[in-house]
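Each structure below appears as structure tokens.
One chain, subunit A, links the two complexes that follow: it is found with subunit B in the first and with subunit C in the second.
What follows is the complex of A and B.
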């Protein structure tokens, strides 16, 4: 249970800058998710916290105490490695017991046995305890790696994509389980993932990492509804957000939005705060961001709908995604399963403008959106 | 039809294996047979002769054979011990750390095995004279490093490289110090490589002939050199020679049998994501 602070951490590997001035403040008992594309530096951040790698610059603090010079063994962290890093010569039981048998975190064998039984039952692997890692599937190995961390009560759990190799059903179950474990143990946890669902459902807060920099920190809702730029908007959400380039114009005290593709002009519904923001920024070239669930479609012509053609229709489980195309502009939207949709047939699309957000077309930075104040309240926005 | 074919195949296979086994083992069997032959029957008989233990008696009790054997043991075991103590850390460093000219150093170590021993033995002889380590245990153990060290370093380095570095990290996070990690986590994983390399190094050191021939004299006489003494100028006691050779092969065989159970491959499989 510790507050973890990183201040201006920089780490270079040769000429490659893996971390570039990372600053994070992870609160006590918080479940903090590091989310970002592959190669963003998420694992390196974990390694710096665990003490496996030394930052070139910057300070790592646990509860305000500077830990830079404390070696990994004495930091009292538990880490789940992405490639499991099990001890191949030891059985699953011994693997899980290993942290509790080290000099620093020594417990008696009775405690170890009870703890391992508890954890292995929870992870549904109590039948595997006498096997060697080479006799396990990847998903089972991953559970052992998790178990080895969970038997301890460290100051912080560091988890590097611990669910990546589990099958979908187990992954969902473990996700729920993990959240519960964390709530019960109340241990600060830092969790690396590139799965947006995991990030949203697990994280008290999410830190978006890209190219060794922190892009945005906030609750899942805050990042989902108010992404700080187009990169984050595209990263969060599946199917991906629609970005529609266009032009804003002031007209009759309100604003109109003219799509770049097709030249269709929409009169934007009135939102005092949003228009005030537009007045203030004065930008005219914007990208409108609309989540796929905020697009309506019809297969018969409707008043005010855009005429597009179907580019693709694919099922993603309990729903489907229609991608419509109009000129060079693709629009993704959610549809129910089981529709008879033919490629290249006409589809009519309506934009629910009162859910849209706006980005600067040049800098790709978030400007404003509809109902911003309301969303800030719901998403526990921190400035 | 198919079963006939596979039957024929296995017959041919086994016949070939038997031929090879006879071919490979016959010299050894012949050597053992020679040890039981009296000198007079060495040339005149093949399998039917009057067996005698006289050769053994002469070699073991009337010569310094046991002393030579002891010298060989000291020098070979000493050489392997030094190689293990110095070579394992060197192999670890070459596998794990990045430093300037790393590959050059590794190649340099390997290159010690390139030149034939006879090529370097003369300059070595002069150096040994100057350093006053000629004809000493220390000198031979030192020069045997040329034989055993490169082998050990290269084999063990490969084993270290096969171990994912995350295993060390995981053990660190688990609260182990570096030495504990080395002995508890790494050593069991490199053991097969270490054992086989040490065994080979021991055999090579044991069989070494050129170095002890030139760099040792009367104080230290490894068995390989000493055996030649049984070929006298006037008479060649082939029976005794065979006894000396047979007995000298025993320690390596015993050593190999003792550590056989450690020669398991693939212990490090399954540690990390496949």
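What follows is the complex of A and C.
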């Protein structure tokens, strides 16, 4: 286990800048998730840590020691990919033993046996040891690939989208299993994914990567409740956050918010810190961000509710999403399954304003939100 | 437009292997389905269950071994595909690369000899429905996957088919494009009100699009009902675990009789759940079966709760919701909560179950055991 530091890493492929000044400080024993859209540079970061690729600029440090010139084999990292790459002719036991039997490690069989038993028990695959890879399900194969990486007790365990090609159900089940065993890893782990549920569930901290840059680093709660910009806000959460353009105006010592579409004005509930922030920023044109679970709906007119029409009503598994439309503004909200909702029927929508966050309409940068101080405490916010 | 009726449909593929005397099992077995005019039906099941075979027999691309298919009142078993008045949209877009989007959409009408002015009118009528009006002059190579699929669907509906058949039209698209396209398909069908049969292996797609879902496993229809029916009232364990994400918790249980009620008990677990009264006529002391309950219907009790105290094995904060896993013997029982509390592994919570939402299944056959 080791502390992994990247300082100002830049990597170019021809004219394309894959990594553009990446700096990360991953703590000893931390489970760190790199999360971002396809092509963001997540895998390139892993490759630079593993030594598979050389950064053009910047340093990679393990426990303070510069590793740039150490070749991949001697960095003592273990990597698991989307492809399991198991030896098809070997049993699970022999697959797991293979790195320890290699020239580099050359451990004796008694040690190997003890280590495999320990890891396979932790990974809940001790009943699979005598099987061949062809006799395993995809989920089990991935578990073997992870187990094989862990028997070596590497300094850092690198995982590149290990669950990406499993189907939705299995992926969710595997994620939960991984969550249960990860506490026993006892290894610094870096996990690449483009699935926000994996990022939220598994990461002690998450690093959001986009276009070769670090966008935000923090706990899942910090990133979910205080995303640093609209891009991050939209990345975290399914269905996506609602962004409602409008204007702030100071009135009677408080603030009002006027929606751009339809021109409806809301008196914002009082929050001293938030209003102080508005005063300080002199904010006027903003986008209000509101998560879909913070909108209420009714199919009969209600005092203070916005009149909209139903654009769609779709199940997302254990619950459903209503998308309501008012002019060009769409509003997503959570509803139970099995309602009798017709497309284009009227629906009345209420915004739970005291859950909202605000972004600058021009730069799309996070400004502030309701109950920021409380949320910082829950989210273990680091400045 | 017309409905679709499938009666006692069978399909067996020829055995071209070595063992000439052994016949293949049926790919589709005694399938009966009725889609009313204008209804949207999803054929849902794991790969290899026979759903695409059924669709292909309906389209006329596959021979029928036994049984009858009617489109409206017309028996189509022996009709050529072109005479069945169907529109087809598959996973692969199969567009003509040297033709513009306009000509791709117009192709079928041109082949039929429809006159130019009429073709133009219909292309311009359909294009905005699929949001491809500003793509008409483009070549297929310039289009994204989502755009290609939109053109593909526009091409399928321009003939004003009596029946629209779609086979996994969204499976090439990724995350957000897929979700957006799903909504568009739903709005389109709502607009043109065409009877539609939609093949998918994704229960979410079926749940969000279809008026009725036919769940098929190993060539046999398991249940045919509205999304609410298959979700709330599954006929067997297969349907119960196939529909819903995360899936229904299904646990083996032994019933224990107490003085005035029964309890569900579980091997290697202290968990006790009171058996709802409505099952009193079907269970007895020592009765073994499986009990199913959805993760949304398992609750965390308050301080004065009488629920079983259980240890949290996994806690996942997913932002929008939180999921908790609890070991019941070897199985991980999942529950979903909107509760803002951050639990951690090892915490003790009181577990409560919405009794009215429990289902019993036969230990061997997986059939639902209903209260009498």
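The rule we apply is simple: the second predicted complex is superposed on the first by the 323 of 383 C-alpha atoms of A that agree within 3 Å, B and C clash if a C-alpha of one lies under 4 Å from a C-alpha of the other, contacts with A are read in each partner's own complex, and residues count from 1 in each chain.
The rule is simple: a contact is a pair of C-beta atoms (placed from the backbone, for glycine too) under 8 Å apart; a residue touches a chain by one contact, two chains touch by 3 or more.
Here the structure is a predicted model, which means the values were calculated and not measured.
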| item | value |
| --- | --- |
| Partner chain(s) touched by A:176 [first = subunit B, second = subunit C, both, neither] | second |
| Touched partner set for A:373, first subunit B, second subunit C, both or neither | neither |
| Partner chain(s) touched by A:337 [first = subunit B, second = subunit C, both, neither] | second |
| Subunit B versus subunit C as contact partner of A:200, first or second or both or neither | second |
| Touching partner for A:317 - first (subunit B), second (subunit C), both, neither | second |
| Which of subunit B and subunit C A:267 touches, first, second, both or neither | neither |
| Which superposed partner A:84 touches (first subunit B, second subunit C, both, neither) | first |
| First, second, both or neither for A:104, with subunit B first and subunit C second | first |
| Common interface residues of subunit A - those touching subunit B in one complex and subunit C in the other | none |
| Complex contacts: residues of subunit B adjacent to subunit A | 164, 166-167, 169-177, 180, 185, 188-189, 266-274 |
| Residue ranges of subunit A in contact with subunit C within the complex | 168-169, 172-173, 175-177, 179-180, 183, 196-197, 200-201, 220-221, 224, 236-238, 291-293, 311-312, 314-320, 323, 334, 337-338, 343, 378 |
| Subunit C residues touching subunit A - in the complex, by the definition given at the top | 182-183, 186-187, 190, 202, 204, 207-209, 227-228, 231-232, 244-247, 294-296, 313-320, 323, 325, 332, 334, 336, 338, 342, 345 |
| Residues of subunit A touching subunit B in the complex | 47, 50-52, 71-79, 81-89, 98-99, 102-105, 132-136, 138, 141, 148, 165 |
